[in-house]
Amino acid sequence: METLITVLVGLLVTVAVYLLLSRNLIRVILGTAVLSHAAHLLLMTMGNGLKKGSAPLLGENANSYVDALPQALILTAIVISFAVTAFLLVLAYRTYKKTGTDDLHALRGFNDE
Amino acid sequence: MTITLSIFIPFLAAIFIPFIYKRIQNRHIGWFVIIVPIALFIFLASFIPSIANGSTYMHTIRWIDSAGIHFATYLDGLSLIFALLITGVGSLVILYSIYYLSERESLGRFYVYLLLFMGAMLGVVLSDNLMMLYVFWELTSISSFLLIAFWYHRKKSRYGAQKSMLITVSGGIAMLAGFIMLQSLTGSFSVREIVATIGQYTDEPLFLWAMLLVLLGAFTKSAQFPFHIWLPDAMEAPTPVSAYLHSATMVKAGIYLVARFTPIFGGEAVWFYTVSGVGLFTLLVGSFNAVKQTDLKALLAYSTVSQLGLVMSLFGLGSVALQHGYSPDSVIYTQATFAALFHLINHSTFKGALFMVVGIVDHELGTRDIRRLGGLMAFMPITFTIALIGSFSMAGLPPFNGFLSKEMFFEALVNARNLEVFSTGTVGTLFLVVAWIASVFTFVYSMIIVFQTFFGEFHPERVEKPSSEASFGMLVAPSVLAIFVVGIFFFPNVVGNYLLRPAMTAIYPSFAGAEGLVPHIKAWHGFNPALWMTIGVIILGTILYKLIKYWRGVYTIAPLRWNLDTAFNAGLTWLEGGSHFITRMYMKGYLKDYLVYIFTFFIVAVGGSILWTGSYSFDFTDNSPIAINEFLIVLAMAGAALAMIFAKSRMTAIILNGVLGYSIALLFVVFRAPDLALTQTVVETVTTALFLLCFYFLPEWKKERSARKTKIMNGIIALSAGTIVTVLALAVQGNKMFESISVYFEDAYLLAGGKNIVNTILGDFRAFDTMLEVVVLFIAGIGVFTLIKLKTGKEDKDIEDQ
Amino acid sequence: MSVNEIGEFVGALLILLGGIASVISVFGLIRLPDVYTRSHAATKSSTLAVLLTLSGTFLYFLFREQFVSVRVLLGIVFVFLTAPVAGHLLVRAAYRSKVKLADISTEDELHDVLYKIESENDGTSDKS
Amino acid sequence: MRINDVILRTVARIVVFIILTFGVELFLSGHNNPGGGFIGGLVLSSAFVLLYLVNDIETVRKGIPFDFKKIAAFGVLLAVGTGFGSVLFGEHFLTQAFGHFHLPIFGITELSTVVLFEAGVALTVVGVVVTIILTISEDV
Amino acid sequence: MMNNIIVMPMIIPLLTGIILIFLRSYTKTQRVFSILSSIATVVVSLVILNRIQHEGILRLDFGGWLPPYGILFVADSFSTLLVVTTSIVTSILLIYAFSSIGKQHEHMFFYPFIFFLVAGVNGSFLTGDLFNMFVCFEVMLLSSYVLITMGGRKIQLVESIKYVTINVLSSWFFLIGIAYLYGTVGTLNMAHLSVRVAEVGQGPLLTVISLMFLIVFSLKAGLLLYFWLPGSYSAPPTVVAALFGALLTKVGIYAMFRIFTLIFYHETVITHTVIGIMAILTMIGGSIGALAHNDIRQIVSYNVVIAVGFILAGLAISSEVAFQGAIYYLIHDMIVKALLFLIAGTMIYLTGKAKIQEMSGLIRNYPMLGWLFFITMLSLTGIPPLSGFISKVYLGQGAIETGSYLLLAVAFISGIFVLYSLLRIFLNSFWGETIISEDDDVPLKKGMLVPCVLFAIMTVAIGVGAEGLAPYVSDAARTLMNPEIYIDAVLQGNR
Amino acid sequence: MIETMLTVSLVLFSITILIAVVRIVLGPSMPDRVLALDMIGVNLIAMIAVVSIILKTKAFLEVILILGILSFIGTIAFSKAIERGVIVERKRDR
């Protein structure tokens, strides 16, 4: 299972990187979103082993629990990625309104002669 | 203590000058300033007797104790000579400037700079601690920079200032590196301590580097070839400055440094060859170039370059004496050093006088172009006399002090030919020949100064102002110097015994009191080779001067025309252009390029190190089993992810992203993470809503128009990045080295009273993370608000998109 | 077989039925010719599928652990409530955004209404 | 073109109610069951999102006249403040206290300062999500 | 003894920021409140700094959870020195903001974002937990995203897209790195990480993971991967640019020092060599860039790049003396870069131009500004007795002791490039013919000049009074050199 | 027996999801895709229900409800986006 997920993570990273490298603003943002998915999944696989033990709820009275720490970290990371994505989206929106283009090739910025 | 104070007095004065300047209107501010150097001169002069008796003065104030950097002053014979020159010439120059600069100039500024310089220069020669020396060393560069660009609205002034600053500061930084190396070797920044212990380190490779770097500093400051190019351009400074900094004092700082370090590095072959070789070559180049100058100040600048070379080479020759320590035989080589010190003093007198003369000419006639001048003798008799004295002294003619030191120079060279050390032989002869040729040119340009300016016919229409003799005040300073020029010729041994003897002892501590260390200077010493050489110089020089218009064409010959100035300018231009070109090449402003750099670096660094260190040992034994349905879901996710790349519309891409997000929620369920699954679902939905909200306003995306090649490149980069992440993750999973700390949290109920471990971690164990994460969210929320609401767009006249 | 076991079995059976229904509906989704027909498959039968599954789950928990899961019940109610509305909205949206009907469709009763409104609106700006 | 949303609005009214209740439930049960401040807050805000989707901004504003920025700020203040509170009591920063109290109506209840902290989190989440959505939607 | 005080440098700005949100429409109150609280931060951090000298490294376990399980703040001399400098720099920059940023910004939560930024920066310095560092980074980064876009001018938006994207990317890389590290050694506390890494030895796998962190922090610090830096530091308003120039890269640098002296210090042959090479390339690239442009903002930004290379040369050398040099330089650079950015911004404000050849002779109308620039230039070049000097000496000593001559050469030569690039500004813009007549020049507000003067005084004071800082700096360098001091302080006993 | 039935149904659900993804990729129209997404959401609910039976835990029952709620909200958002573009109006009746 870990290997499968890891390969999936690799695939997601590939997709994310490819999207990041494109010229379109929206694709770039989607790339960051996919990358955050990949990072979360990766963090998940780094615990004490997937599917080993029951959910980390003491009410379940199980013998062993899965690693709860990565879960907490991922939760934090998810919220942060949400915040970042939201900001990035609005930034893209504002940029488009201001410049009239979403082509990153046209958005070069400083052109000191 | 008082010596330390003497360094500070000019600085203190510099602070007060602007205030005084604001108060007084009717009197020239210079009269207040001049008190400082005169007082200091008198104060320092009072040390002459005791120093001559061999005492030295040392005083230390702790500064940066932990780094061994102290404010340590040390007064011995060597520093005394320089200190006296600084304050003495300084007094005269300020006196001269009072008449030279009109009150319309911003005199407050001028004198502040000048006092800064004076203090810095005193600091250089009186410091014992190398770092202190460096502090003041750079300060001289800076004050010189400010003085050169005193008339900063002139382009040439700025150019000259920039050039001198760049060259001298660069040299200074090199010197700093050398100093630090010395400290690393010996463990001390104190010159005296280094002198005492350096013997045991001379074989270290660092020693050689330190020597070369220190020399670099000295050469740049003293305008030695090929760093001499800044000096002629520095002549844009007001003439008093040129007289003071660029002939008498600052340029001698390098000389001082060489003298000061002779006990440390002297006796080394590299030191000998570098110092004397560079010195002689500078002498030749300087004198040769001086002849072709038409601007009197430029001529003097080149002459200064050549004279500095002369002194430098003498120090190089004199360092030989230290090769095997003290022996009666090697004393003879110290005479070169003696000559160097002597010429140093002489040069300050006659060159100072000459600069002032040129200043007078410039001041009275509005030009200093030799081609426009002539016949000034008639109405500027005093000026003429001073010029005559100065030039003849420079040319090495009796009865002026230049003659004495020139003779000693030749003598030292003749001695050097007999050197048994460093397998000189032919090189010694070469030195002699070079020096002699250079002297001939020196003679020629000295004659040019006197004869082309003061003899011949006066053409009033060629000058810009009506001409008359300068005011009395302006003549005082050069006259005093001229008197010294003559006086020293007649009483050279006063200087020799009182000033030079302690200095020689300072340079050659092991020779202290040796017979012949301080020779008796005689004007007439029989027909020895040196005199014959002088006579030869006069004869050939006269001939060359007379025939100058026939051989002037030499200067237009190509190799001689390529000068270092153009090289320096071209270098700077090339540097800027090249930088621009290179920076443009990789800083294109495209996000994509930057990302490519980052990923490339990632692939090379991380991927490379994975391959290199072979950290790809996998271990799949610990894997949990895969259920078919999980496999199918992963397959669906993979399909959705891949489809995102090829999605033709943004909405499809958003939907696919949603599929990914929801499937991840399912994976979280499979991995027993209910909280995550909940969060992931909600966040995914809200994100999707946001995507929809924003994308409505953006245009439908176009097909990527990139070339096929770019796409393939992107694909390769993406694939490698993905592969690296996977490989590394697999390696990590196969190499779990420790149990996670998270077992601890399974006691959550006991510890924190919660049964949901994840929630207790978030709310208690790692509540700080949660708190900050809330802050992050909050910032994003308010940030979005700000981003949308705050529009200062109307003031867009701004300087954007240039 | 105790009552509980029968209950569990029934629950599992319902779930299996749900799975089958779901597969059937997805075949509809992939095979049917246009969005309108597909929406039948997607909304109706997959709602059925999920209802079957959830009921199964409810029964399973009820009989196995004597646990009345309010959440699952709520979920059932919820899906019942929302699925038709969602389907309705979506198809309306599809129609309004002028997704073409399949070629085999014979009639489009609202055709005139839609395009009439459109032509009326052409004068004014259609930017809401 | 006016679009008739009667069906949607009718259903939405019920749904929003369910979501809100469920959100509060999730928030409260967080310490022992899945849920907690974040999730509770997110679910609550999704209810608001639904409200805004179904109705327009003006209508909702009439019903809920809050400045959501302030709510968010208040939430952060609460979250940070509970941490700061423990400092005032001479405890380590962010020390959470919990205890079992005997309350008249509820019987033995576990009370914890975590609840305050989590409430802050939830308020922030709601405030921020709604602020973002409102801000974008208003800027047309 | 409770160490709650060490969370204050983060909490005070945080609370201030939140409270200022409520004070949105009261500009005056905002100003007073913000300056007061930033002064409070300065005082608190100074107190911490002094307590460390008496009591050793301080730590605060949040919620009383002992490390490695809970999150904790660790204040050692290194981090606290940076916190002190950050607080001081921010206070002074606030003064500049009062007179320059404008009502619109103030109304739109400008000050809160500044405080959030500072909270993030201080948190990153103080935290002893790797994941918490990630979160603190995010606090800092999100505030910086907002600040860089604030005002919404076209150039800001365009540049910030690059800035945000690249930083988001590096954040996820950071998270991936944390995941790897957690996977291998199963902990997040930095001291505990160090212990565990030391226990198994830093094998090839851990070295590869350390390179992952190197990339992340290089991106933040602008070490070799500085492409985003010149553009994004040129776009925002002056105060923000100064804040960025002074603080942001320093956080990356700090993190790099922390990680590579505390955790991954075993395989210096690989990691520190790589850092050294990167530092050299950075200095070269920065030097070239600083000469390539005529826009002051760009020149100034590239100077930031050079400084980054210089400081990390100290890490690459990795000896106690070199660390001292690097720390001195960090402090110096935070102050002087802020000053440099302020002056550059003020010049643009006064002339309305950004290119050096378009302005000329400013010194006639604004002599004070000109001399301040001059001092800045000298200080950055490392001319004594200004603040850049002592670090140069120490770094030189470190380089010579360890035989890193190439680093030494590049580091010292880069100083000349710094000088030249700034000299061009000085000669062209301050000297030269005065173009603007005295009648229609823009008056230089006191509120703009005072902060510059304060910074200038600081650079002189630090240079002359370097000995005053010496005990702190040497303690910091000692701690960096001997990770066990840090580890002991964190992991041993319940204080 | 029960185990097998549950596993089989899980597989069936995942097949459904897989095919629905194919529909999303194929399109052709946007409502098709949203329809498929909705369907995926519904199937995820079912899967989670089954998974929680297999894992013998009640922890995931909340997820079921949440997913139900959210796939509804998502679908509404998408359909509004398709229909009107803007999904949150400032004021109706404009």
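Order of writing sets the labels: A, B, C, D, E and F. Residues in every chain begin at 1.
The rule we apply is simple: a residue touches a chain if its C-beta (ideal position, glycine included) is under 8 Å from a C-beta of that chain, and two chains touch if they have at least 3 such contacts.
Note that the structure is predicted; figures quoted are calculated from it, not measured.
If you take subunit B and subunit F together, the chains in touch with both are A, D. Chain centres computed from CA atoms place B at the largest separation from subunit A. Overall, the chain located most centrally, as judged by its C-alpha mean against the mean of all protein C-alpha atoms, is E. Across D-F and D-E, the chain pair carrying more C-beta contacts is D-F. Of all the chains, the one whose CA centre sits at the greatest distance from that of subunit F is B.
With centres set at the average Cα position, the gap from subunit A to subunit F is 21 Å. With centres defined as mean CA coordinates, subunit B is found 50 Å away from subunit A. Separating the CA-averaged centres of subunit A and subunit E is a span of 28 Å. Residue positions of subunit B with contacts to 2 or more other chains are 589, 591, 595, 630, 670, 672, 674-675, 678-679, 682-683, 685-686, 689-690, 693-694, 697, 725, 729, 732-733, 739-742, 745, 755-756, 762, 764, 766-770, 773, 775-785, 787-789, 793, 801-802. In subunit C, the positions touching at least two other chains are 74, 78, 82, 85, 89, 96.
In subunit A, 20, 25, 28, 38, 42, 45-46, 54-55, 57-59, 69-70, 73, 75-76, 79-80, 83-84, 86-87, 90-94, 98, 104, 107-110, 112-113 are the positions where the chain touches two or more neighbouring chains simultaneously. Taken together, the touching pairs give a contact graph of some other shape, not a line, ring, star or complete one. Chain pairs that touch one another, listed by label: A-B, A-D, A-E, A-F, B-D, B-E, B-F, C-D, C-F, D-E, D-F. Considering their complex, residues 26, 30-39, 42-43, 45-46, 49, 53, 69, 72-73, 75-76, 79-80, 83, 93-94, 96, 98, 110, 112, 114, 117-118, 120-121, 124-125, 127-129, 131-133, 135-137, 139-140 of subunit D touch subunit B. Within the complex formed with subunit F, the residues of subunit C that make contact are 8-9, 11-13, 15-16, 18-20, 22-23, 25-27, 29-30, 35, 38-39, 42-43, 46-47, 49-50, 53-54, 56-57, 60-61, 67, 69, 71-72, 74-75, 78-79, 82-83, 85-87, 89-94, 96-97, 99-100, 128.
For subunit B in complex with subunit E, the residues that touch the partner chain are 62-67, 69, 131, 134-135, 138-139, 142, 149, 152-153, 155, 158, 161-162, 165-166, 169-170, 173-174, 176-177, 180-181, 183-184, 206, 209, 575-576, 578-584, 586-587, 589, 591, 593-595, 597-598, 601-602, 605-606, 609-610, 613-615, 725, 728-729, 731-733, 735-742, 744-745, 764-769, 772-773, 775-776, 778-780, 782-783, 785-787, 789-793, 796-802.
Residues of subunit A touching subunit D in their complex: 55, 57-59, 75, 79, 83, 86, 90, 93. Subunit B contributes residues 588-592, 595-596, 599, 620, 622-626, 630-631, 634, 637-638, 641-642, 644-645, 650, 653-654, 657, 660-661, 664, 667-668, 670-676, 679-680, 683, 686-687, 690-691, 694-695, 697-699, 701-702, 704-706, 714-715, 717-719, 721-723, 725-726, 729-730, 732-733, 739-742, 745-746, 748-749, 755-758, 761-762, 766, 769-770, 773, 776-777, 779-781, 783-784, 787-788, 793, 801-802 to its touches with subunit A in the complex.
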